[in-house]
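You will see subunit A twice below: alongside subunit B first, and alongside subunit C after that.
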Partner chain A sequence: MGNFGQLMDGFAVALTTHHLMIMVMGVLLGLVVGVLPGLGAPNGVSLLLPLTFTMDPISAIILLTSMYWGALFGGSTTSILFNIPGEPSSVATTFDGYPLAKQGQAARALTLAFTSAGIGALTGVLVITLLSSWVANFALRFGAAEYFAVYFMAFASFIGMSGGSPFKTLVSMMLGFAAATVGIDTISGESRLTFELDELIGGISFLIAVIGLFGLGELLLTMEEGLKFEGVKARLDIRVIARAVAEVPRYWATLIRSALIGCWMGITPGGPTAASFMSYALGRRFSRRGRFFGKGEPEGIVAPETADHSAGSCALLPMLALGIPGSATAAVMMGGLMIWGLSPGPMLFSTRPDFVWGLIASMYMGNVIAVVLVLATVPLFAFILRAPFTVVGPLITVVCVIGAYTVANHMFDVWLALGFGIVGYVFKKLDYPLAPFVLAMVLGDKAEDAFRQAMLTSDGSPAIFFSNGLVATMMGLGLLLLSLPVLSLLLKGGRAAPKNDAAATPEGRSA
Partner chain B sequence: MPKHALTALALCLGLAAPGVAFAEWKPNRPVEFVAAAGPGGGTDTFARVVQSALSKNELLTTPIIVSNKAGGSGAETFIYAKSNKGDPYKLYFGTQDAYVLPLANKLSYGLKDLTPIAAMVFDPFILWVNPKTSGIEDVKGFIAKAKEAPGQLKLGGAKAKEADETLMTLIEHATGTDLTYIPYKSGSEAAIQVAGGHITANVNNPSESVEQWKAGVQKPLCVFESERLADTTVIADGQSWHDIPTCKEAGIDVDSFAQPRTIWGAADLPPEALAYYTDLFTKAAAAPEFKSYQERGAQIPRLLTGDAFKDFIKKHEASYAEIYKRNGWLRAEQ
Partner chain C sequence: MDISRSTMDIAAACATAAVGAVVCYGATLNGTAWGSSGPEPGYFPFYVGCLIILGSAGTVVQTLLRRAGGRQEHGAEGEAFLDGERLRTVVAFFLPIVAMAAISAWLGLYIGMGLYIFYALRVAAGFRTLPSLVSALAVVAVNFVIFEKLFMVPLLKGPVLEAFGIY
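This part shows the complex of A and B:
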């Protein structure tokens, strides 16, 4: 249709040697930035921004978005190799990626992640191409109640995810909510839980918590278990990569489900983080191999990665069409747009079609280039794991501490990360799941803001959450997801419980 | 060590003949611009535009690094300034928040921890509605709607107990109405909520809603200034910024409520550095990059430095303190 013709024009703009070189450079820079925890995509893009002042806007945005793709892939790399997610959205990748790497299959895990991420991203761009004009109007229908419903769906689908006791899931989630409230409250303007410490007034950075809980916590555990690190067995074989790429299409059901979740969450304000968690949770429930999730199951990598990247691509659309950034990185890019003299908003598509469609065309190529480049780095990364733990262990510690410091150049954050490391260790020792904590910490304050804004709008009446078809459907789906564990418990009835903590284990809280 | 440097400096100055201007000072390593807002926010854009104006025109040749310390509504930036006393390589970008934040919150910094350098430009505030979903076409309609059902008209803005909510209380006070304020993370978010018809109105800077205006989903009712805006270029509906009435002439008796875009150094900024930066930002305000930023945002070009800026701060802080007192927002004195 009309979009297709414009896309072709876009390719004509984006497909020049100059732009291709920019893409390669951007992806490589992004990879470096993504691999270093604490630096991350938003910081990388904002460091690069001054460089773009003298470029024309199209080259500039291509450079920044390519870097974004590179950083997203880089973030998954550390999730899998060291259990340290570089970005909030790659937390879910650690659940199965790290166990698989620990079993000596790092190359396979990385390849699976990169390939499915590439497929997810391309699906996202395809959705943008086909639906761009429609999506902008659709996003306008999201008020505070609809925002809350999206977050509610993510939480609800997650409740049934962890295999342990529902009580522990709840405790972990509530602690996460508590951590999310630290800092100045949006609605009242008052500071909460800061204990009059200057360092806490900005809230607790998600990266600090993750570096501690996952990176350092895991290190403590590994040390206790006798410095065993199975990475040594990893064979360096190019054929492993080829085989893993060929393996991906076998998970077509997971791919389709995850891409759909990703696109939905990217267009609505849920964002990549909610998308990857939700996709993992639903994968665990609906996949035939769901009960192996958490132990190094390939589908457990494919599900969050596909959703993460399709949501990441789709999230650029609200940024362009409405001027509402879907992620921290998109916010930096939006700042860039304004400096280059472009105003993101509903009129951008008609005033600067060359820019918009050039960008969309570059997203196709940027992702393909990124996948090829990251696949080429797999042997290198897998090689790192061949080093004995006595070398890798201290190295990870150093990376974690530097990462924690880099977030805001505060020594306080380093202590905080070490504290979270101990918390992470205790959590694992006592078999409390970390994932609900992280999810609540990332989405908790957004969900709280949305809930309170909705209640203000409705003068305190909860009927607002069922006031129109859109929000009622989402809340209904959320409630259904929440009650799934209870329903399956009822269905199973008198039957003997399964012998281990399989995913099918009924659990949930009575609403 | 800074103390040491200062002693040395004092010695040098003492030896220099009286009447001779301060020794020429120039940065010889990277300068950090700390923005009291997250990436993409108004203050962040401001800092980055100044950065691009300085480096593109080679006004400042050492690298400039923009960082964001948005925590605590930007308080993080000024607390950071407090810990970098006398450092001429760190500058802090904000709005009136630098001196207004400590009014309502118990914070560990105060105005004494900052050296004012310049207010480079002022952002006017505009009252917006979605004409289609609200049925409001002008200020009269707005006031009528607000009086019809007290507390039912929802007005959105950025954050709580800051400029936007302050302005709303001024509107309430001037018109004798009762509005409900809904805080969002940013002004653009509030604008989208109005465009989508979820809330009735919002107040923000022109640049945050101009695209929605062009798309016909937002309409400016009036501008909170004592005079109309200058720009007569047609934006949308055959109207320019100049065609928007001032709120005073339209029936809301609120005088100028512009928001200054300010630049600060830490306390004890060496006087020669202050002189250097005052001159530098005066030049930057005339750079084409900065001019086009002003035009895009329909901002009021008004550069304040030195004593004029200090006087302004004093008056502005006092007027905020008065409003805060009336609203019961002033932090209880310890």
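This part shows the complex of A and C:
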């Protein structure tokens, strides 16, 4: 029960006026980011990150995580009111949310979504509270080989469970690794892949890649699709809200199932997008009212929302305890931790318990604040979204360009971000998943160091990756995950190949 | 001018394969073998480059197989990636951004963003001149206050603002 005492210490850190203000500000910024298409959670956190370099790490991480919660909630607002997901992970919410809103029950749909999302998020945070120090203690025994095995498992699960083309996932991930190796090699001090270009010696920042791929790429895509917001009017009546909140416990079976799916997909790097789709599909299959899904069925809102948010918060568990982010946004935050001079992973729990438990405590507070604020600001954002995208788009573009510049005060980074924007646009259209790219970019150096150190200790023999039960099990699991696409192809006899395309679209935009 | 999805798939895969080849080549400059103190710096990137080429080749094969299968079902080219009109929309949105970056590199970010917003509102969104001008100035002013005053992150000023004594 040591965790409980530490959590209380964490609350003492998080519950200051200063930090509460930061949470409110972060959630509001996150709502803006989540509501506006073209600005997603990974991109929003990247844009804000350079501004936190001068803050103390606890305030900075509270700001960024609060923004993350806000973005997760904000994405659902547009899904329900406008049938346009503000975040990739809220695509599944449109299936039943928008039909219910069109039947004149927008307030009920929104309240159901936010309440179940809040329950999902709190479940996720509870899982983090209970498991994180245990996982971290376990991971203290890890050597270089074990670390490489964990990275290997994380990346293999992307390829094995991506749902889209495993080749595209592989290419996206390896391009991320290649981008991470540009610059000075940390072990030998030689410059790599810079081709005598001075601008590349400092390496390519993952923030630039995220701003380009997720920000500018998404903007180009939204522009091309000719976005128009034709929304449902939402009038929020306090009695309707109260009745909808009271309705939520009735869906306990869906809640539990979805929260479990979400936690699992969040801890393994499946991410919130995959979790919400899986939860919706399973809900349709197992719910007694499954045949009403897609026509404005409340359970069809509860299922993806709960899973989306529990996955979103659980994605922070492996980031904190192992140093392996469970989603693209978590990857960006982990990059932030490293910039602030903290090394995420098991040691963080013993070196900076105030940071870890302050953060975990702030997650409880941040989500409660997010539920309240998101309900309060629905009319405001519904109003903002009536502005045409030809006006909103350029404003977001300016934010992205400035964001790219502020990463290191180089104009070269702006050009790089524009390049990544085109890549992101083409990749998204062709269903290349972008999350593995970002993960590989953030983890590239660490994975390479772990690999090289392990090979050094074993004198170049790959047998070290199977030298004890722990590392062999992890490598075995990784290999099994890698072979999943082949196995499923063999089982299906190759006849289901075209169906994969439909499944690939949401994953490719994975948050 | 229509670009089919399978053509684009193959073009993108060729591009990624080319990047993979560049990565492999760059890695050989650092040495990809085992030196006296373990793997040389190019060892890891070299295999990363190889995997990029492998994945790209896989995508090409997959696309060709699907195209062969799809032809029987939907006729010649299958799904469209982009048609002329959509391409024009995207280019019309993207070129001004490139222009903004070029102007910003020369005259500073504030002037770049001001001109860009004015252009986007006046020409692309079709607002009248005065509202466009006021909005552009407002965007510049808000960004100036946020970055220079609130967060103390100086943005690129360029020669014009410096001539007015704003650093």
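By definition in this document, the second predicted complex is superposed on the first by the 273 of 511 C-alpha atoms of A that agree within 3 Å, B and C clash if a C-alpha of one lies under 4 Å from a C-alpha of the other, contacts with A are read in each partner's own complex, and residues count from 1 in each chain.
Here is the rule we use: a residue touches a chain if its C-beta (ideal position, glycine included) is under 8 Å from a C-beta of that chain, and two chains touch if they have at least 3 such contacts.
Quick caveat, the model's predicted, so the values are computed rather than measured.
Engineer: I'd like to know which partner A:P394 touches here: subunit B for first, subunit C for second, both or neither.
Structural biologist: Only subunit C; A:P394 stays clear of subunit B.
Engineer: Just subunit B (first), just subunit C (second), both, or neither: which does A:L170 touch?
Structural biologist: Touch partner of A:L170: subunit C, not subunit B.
Engineer: Is A:E448 touching the first partner subunit B, the second partner subunit C, both, or neither of them?
Structural biologist: second
Engineer: Per the contact definition in the header, classify A:I256: touching subunit B only (first), subunit C only (second), both, or neither.
Structural biologist: neither
Engineer: Just checking: does A:L51 make contact with subunit B only, subunit C only, both, or neither of them? Give me first, second, both or neither.
Structural biologist: Only subunit C is touched by A:L51; subunit B is not.
Engineer: A:L220 contacts which: subunit B (first), subunit C (second), both, neither?
Structural biologist: In the superposition, A:L220 contacts subunit C only.
Engineer: Can A:Y405 be said to touch subunit B (first), subunit C (second), both, or neither?
Structural biologist: It touches subunit C, and subunit B stays clear.
Engineer: If we overlay the two complexes on their shared chain A, which of subunit B and subunit C does A:V426 touch? Say first, second, both or neither.
Structural biologist: second
Engineer: Which residues of subunit A are in contact with subunit B in one complex and with subunit C in the other?
Structural biologist: Touching subunit B and subunit C on subunit A: residues 50, 54, 185, 187-188, 190, 456.
Engineer: Would you mind writing out the residues of subunit A in touch with subunit B in their complex?
Structural biologist: 42, 46-47, 49-50, 53-54, 140-144, 183-191, 196, 198, 201-203, 322-325, 328, 331-332, 334-335, 338-339, 341, 343-348, 408, 449, 453, 456-457, 459
Engineer: If we count contacts the way the header does, which residues on subunit C are in touch with subunit A in the complex?
Structural biologist: Subunit C reaches subunit A through residues 5, 8-9, 12-13, 16, 19-20, 23, 26-27, 30, 34, 37-45, 48-49, 51-52, 54-56, 58-59, 62, 66, 69-70, 81-82, 86, 89-90, 93-94, 97-98, 100-101, 104-105, 109, 112-113, 116-117, 120-121, 124-125, 139, 143, 147, 151-156.
Engineer: Within their complex, state which residues of subunit A touch subunit C.
Structural biologist: 50-51, 54, 165-168, 170-171, 174-175, 177-178, 181, 185, 187-188, 190, 192-193, 195, 216, 219-220, 223-224, 226, 388, 390-391, 393-395, 397-398, 401-402, 405-406, 409, 411, 414-415, 418, 421-422, 425-427, 429-430, 432, 448, 451-452, 455-456, 460, 497-498
Engineer: In their complex, what parts of subunit B are in touch with subunit A?
Structural biologist: Result: residues 38-41, 44-45, 48-49, 51-52, 55-56, 63-73, 75-76, 79, 104-108, 151-152, 154, 159-162, 165, 180, 182-185, 188-189, 192-193, 195-196, 198-199, 207, 210-212, 214-215, 217, 292, 296 of subunit B touch subunit A.
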